[in-house]
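Here come two complexes built around chain A, the first alongside chain B, the second alongside chain C.
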Partner chain A sequence: MTTLLSTQGLSRSFGGIVAVNDLNLQINKGIITGLIGPNGAGKTTSFNCITGLDSPTGGRVFFNDRDITGFSPPRINRLGIARTFQNLRLFRDMTVFENVMVARHHTSSFSTLLSLLRINDEEKKIQIAAGHWLERLGLWTHRDERAQDLPYGLQKRLELARAMATEPTLLFLDEPAAGLNRTETEQLMTTLRDFRDEGLSIVIIEHDMHLIMNVCEQITVLNFGQMIGQGTPKQVRTNPLVIEAYLGKDDHATR
Partner chain B sequence: MISLVLLIGIYFGIYALLALGQNLITGMTGLLSLCQAAFMAIGAYTTAIILTSHHPLPLAELIVIVVFMGSLFGAMIGLPTLRLKGDYLAIASLGFGEIVKNVLLNADKFTGGPMGITHIPSVQLGRILISPYDKSVYLIFVWGFVGVILWGLFRLQRSRFGRALEAIREDEVAASSLGLNTTLYKVVAFMIGAAISALAGMLWAIYNGSVIPQSFDFMLSIMVLCMVVLGGLGNYFAALVGTMVIVIISELPRLLGFSVLIPAQLDQILFGLILVILMIYRPEGLLGRPVSKRNS
Partner chain C sequence: MLQHLLNGFTVGSIYALVALGYTLVYGVLKFINFAHGDVLMIGTYIALIVFNFLRTFIEPSIAFIIAILAGMASSALLAVLIERVAYRPLRHAPRLAPLLSAIGLSVILSNTAALIFGTKSQRFEMPFNNTPIHWGNLVVTPYQGLILLTSLTMMVLLHFFIKMTRTGKAMRAVSEKPMVAQLMGIDTDRIIRFTFILGSALGAVAGILVSLDYKVYPTLGSLIGLKAFIAAVIGGIGNISGAMLGGILLGVLETYGVAVLGIPVGYKDSVAFVLLIIILLWRPSGILGSNKREKI
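On to the complex of A and B.
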């Protein structure tokens, strides 16, 4: 198995709080990796450091063997890394269609500026690509609705469509099933497996163990910013350190 | 009386340009900038300096130079501040406004100091003399600018560039992680807004035949912000309505000649009051954002 993305000694502290502590992640190509851990374990912070939204206080990030530490978010996106957010970050006042179309602007910022003069017909291509992802995720009939008017489950799906529209090779999902009902979660799991089968590599942060145990080939467990376990779902489920982190030892059972 | 109406129409047009520029920056892109007066001053002084030394100059050349100067200064403040997260632009633009005013006051050699520059000649558009003495011609001249710029801004709004600006306003973090070079878009939007204000300054300088630093006070920037917020952020038509209301409220007493009866500070109190009342009762402004959106 080839490594697609890795971190070496990745660290991020906020004043006294060490959110991510000397983390050596390894994300393999073509599979779904789960990133789990109790609340405040540093999962989101790791995502932020990898996708350029936050700057690590130490360590490096490698993507396809290239050092991408400190790259700006748009640059990282253009290299083929997309993400969704724990708290939805839609363009709330824009339509569903527009939300996804924005994700196609990256094809060229220069041509976007030229769009003022209407001397290129990139727009058509953008619409076709955006339409493709809307159809794929069952949002086509909602395309003219404002994003904020969609029911929550569809908003989550829109965020996924938007990330996919940037044509990533590696997709980071921060709690994609949070707030979804059983059926919606099952649908999401099917979609993610389809994406994986088409060659996409995915990393999922999730508290829904049913989803994690059923779609992930590889799981990494964090606690207090450090990796405390790694392996297949079966290995992780039986790892005593992991069980302790989740169920708590007697002396810090109620943290 | 007719002359008074024309006069108000001219002022309305010039302020409308300032408001349109502010709306692009604040309403469409979500950047809080407080220095429209400074950009206007740059346009006005550029015009004054050029026309008094290089007369006659074809109007087209003057426009190009004024737009260039406006966007140049826009880039100068925009580039360092818009790369940072947070509202650095608001603070930097406040400082910039003060610096511009102080430079105008003290660089006597070029700007004439507190006395400003007088005897700015009129310009020639083809065979028509654009003279402030013929108010109806000047009114058409000013509103020609408003019309063209309004048309351009509507086009911008419907373009992909406009869509990118809207996305940045809605959620800059999301936009940047979708691959948008948000800094580039913000700086360009800011430069366009600055250039529009510089054009307003050009029209102002030609109309008044003279420029003095005091005309481009911080209060003017606040007034422009007030116009846009009153009408409704993000809506060009609303910006015009907001401008009209404020121009009538603030210029009418002066134009009618009983401004001596009203203390000068009343404007400041009034604008503050309008902003506070709007925040509480109608944050979306009188008209709000347009509901119908681009459908291309």
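On to the complex of A and C.
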């Protein structure tokens, strides 16, 4: 299996608090990787450092063997990395369609003034691509509604559609199943497997263990900003360090 | 009555054009560009110089069009330069810092203009015949017609630009959630630069149009800038339709205030401030502004 993205000694501290501590992540191509750990383990902070929203205080990030540490978010996005957020970050005042069209912004050679003259041609391409993702995620019939008027489950899907519309090769999902009911979660799992089968590599932060254990080929466990375990779902489930981090030292707990 | 409405609309559409410059920049940067009025003043001077130079060679109306384009271009260029050297380095500084930088620039620009162009007011030497046209009992000067036509066209174009084009969508995206816009591959610096270009070019047009009826002088930008800023706040700063509405409303109320309510002409400018106070008390976020709170 080839490595798509890796971090070397990635660290991020906020004042005295070390959120991510000397983390060596390895994300493989073509599979779904789960990133789990108790709250405050540094999962979202690592996402932020990798996608350029936050700058690491130490360490490097490599994508396709290229050092991308400190690249700007748009640049990282153009290299093929997309993400969604734990708490939804849609463009609330835009329509569903517009939200996805914005994501196609960069795919055309964009020169602000020239774009005025080529609106039709370029816009058509953008609309087709945006429409494609809306259809795939079952949002086409909602395309003219304002994003903020959608029910929560659909907003979550819209965020996924918007991320996919940037045509990533690596997709980071921060708690995609949070707030979804069983059926919606099952749908999401099917969608993610489909994406993977089409060649997309995915990294998921999630507390829903049903989802993690069933869609992930590989799982990385963090605690206090450090990796405490890595392996297949089965390996992770039986890893004593992981059990300790989740359930505490006394193993009276039964779950 | 209708006559006052027309006059008010004319003044108001000028305010609206300038107000758009404040509101556009506020939309993407959440920052009031207090140098806006002076940037458009410089553009107006450039247009004046170009016009006075060209009118001896070519047809005045063509010279005037070229002068407008030159004014727009120079304002835009100046705004881009200012954004680069005076605002961008302060983007992550406390909010007061770029504001002070803007006020400082405003002083520098108006004084530089006074130094270079002199403090004596100058005027566009009658590009067109300005004999009023009577239309029933309505009197319209060709300047008024030109002002109304140009500014309304520009506002309609801007509206569609923001709504329909990719860059317009990107501007809305940057305005609502700059960080997420970046993750969508949008180069926010570029969008911000473009916003400055757009706002100051519109401002330059307003500056030129207003000097047709009045004059060109170094502090031209200050009063019109202040009024337009008030218009933008009244309409709801950051809201594009709000800036248009606020501008027109302010223009009409000012005209009515003098003509109908009998406010002395010397107190005309106070209408704007009184209106501002009322709006701030009644709806602090402006008529079309919404006070959404940012959820973290």
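Structural remarks
In the analysis below, the second predicted complex is superposed on the first by the 239 of 255 C-alpha atoms of A that agree within 3 Å, B and C clash if a C-alpha of one lies under 4 Å from a C-alpha of the other, contacts with A are read in each partner's own complex, and residues count from 1 in each chain.
Note that in this section a contact is a pair of C-beta atoms (placed from the backbone, for glycine too) under 8 Å apart; a residue touches a chain by one contact, two chains touch by 3 or more.
Bear in mind that the values here come from a model prediction, so they are computed numbers and not experimental data.
Shared-chain residue A:Glu98: touches chain B and chain C both.
Judged by the touch definition given at the top, the superposed model places A:Gly131 against neither chain B nor chain C. By the touch criterion defined above, A:Asn87 lies against chain C but remains apart from chain B after alignment on the C-alpha atoms of chain A. In the superposition on chain A, A:Thr51 contacts both chain B and chain C. Touched by chain B in one complex and by chain C in the other are residues 51-53, 72-74, 77-78, 82-83, 85, 89, 91-94, 98, 101-103, 105-106, 112, 115-116, 122-123, 126, 162, 166 of chain A. Note for the complex: chain A touches chain B at residues 51-53, 72-74, 76-78, 82-83, 85, 89-95, 98, 101-103, 105-106, 109, 111-113, 115-116, 118, 122-123, 126, 144, 162-163, 166. Residues 51-53, 72-74, 77-78, 82-83, 85, 87, 89, 91-94, 98, 101-103, 105-108, 110, 112, 115-116, 119, 122-123, 126, 162, 166 of chain A are the ones that touch chain C when the two sit in their complex.
Contact residues on chain B toward chain A in their complex (touch as defined above): 155-156, 159-161, 163-164, 166-167, 170-171, 173-182, 184-185, 188, 289, 293, 295-296.
Within the complex formed with chain A, the residues of chain C that make contact are 161, 164-167, 169-170, 172-173, 176-177, 179-188, 190, 194, 295-296.
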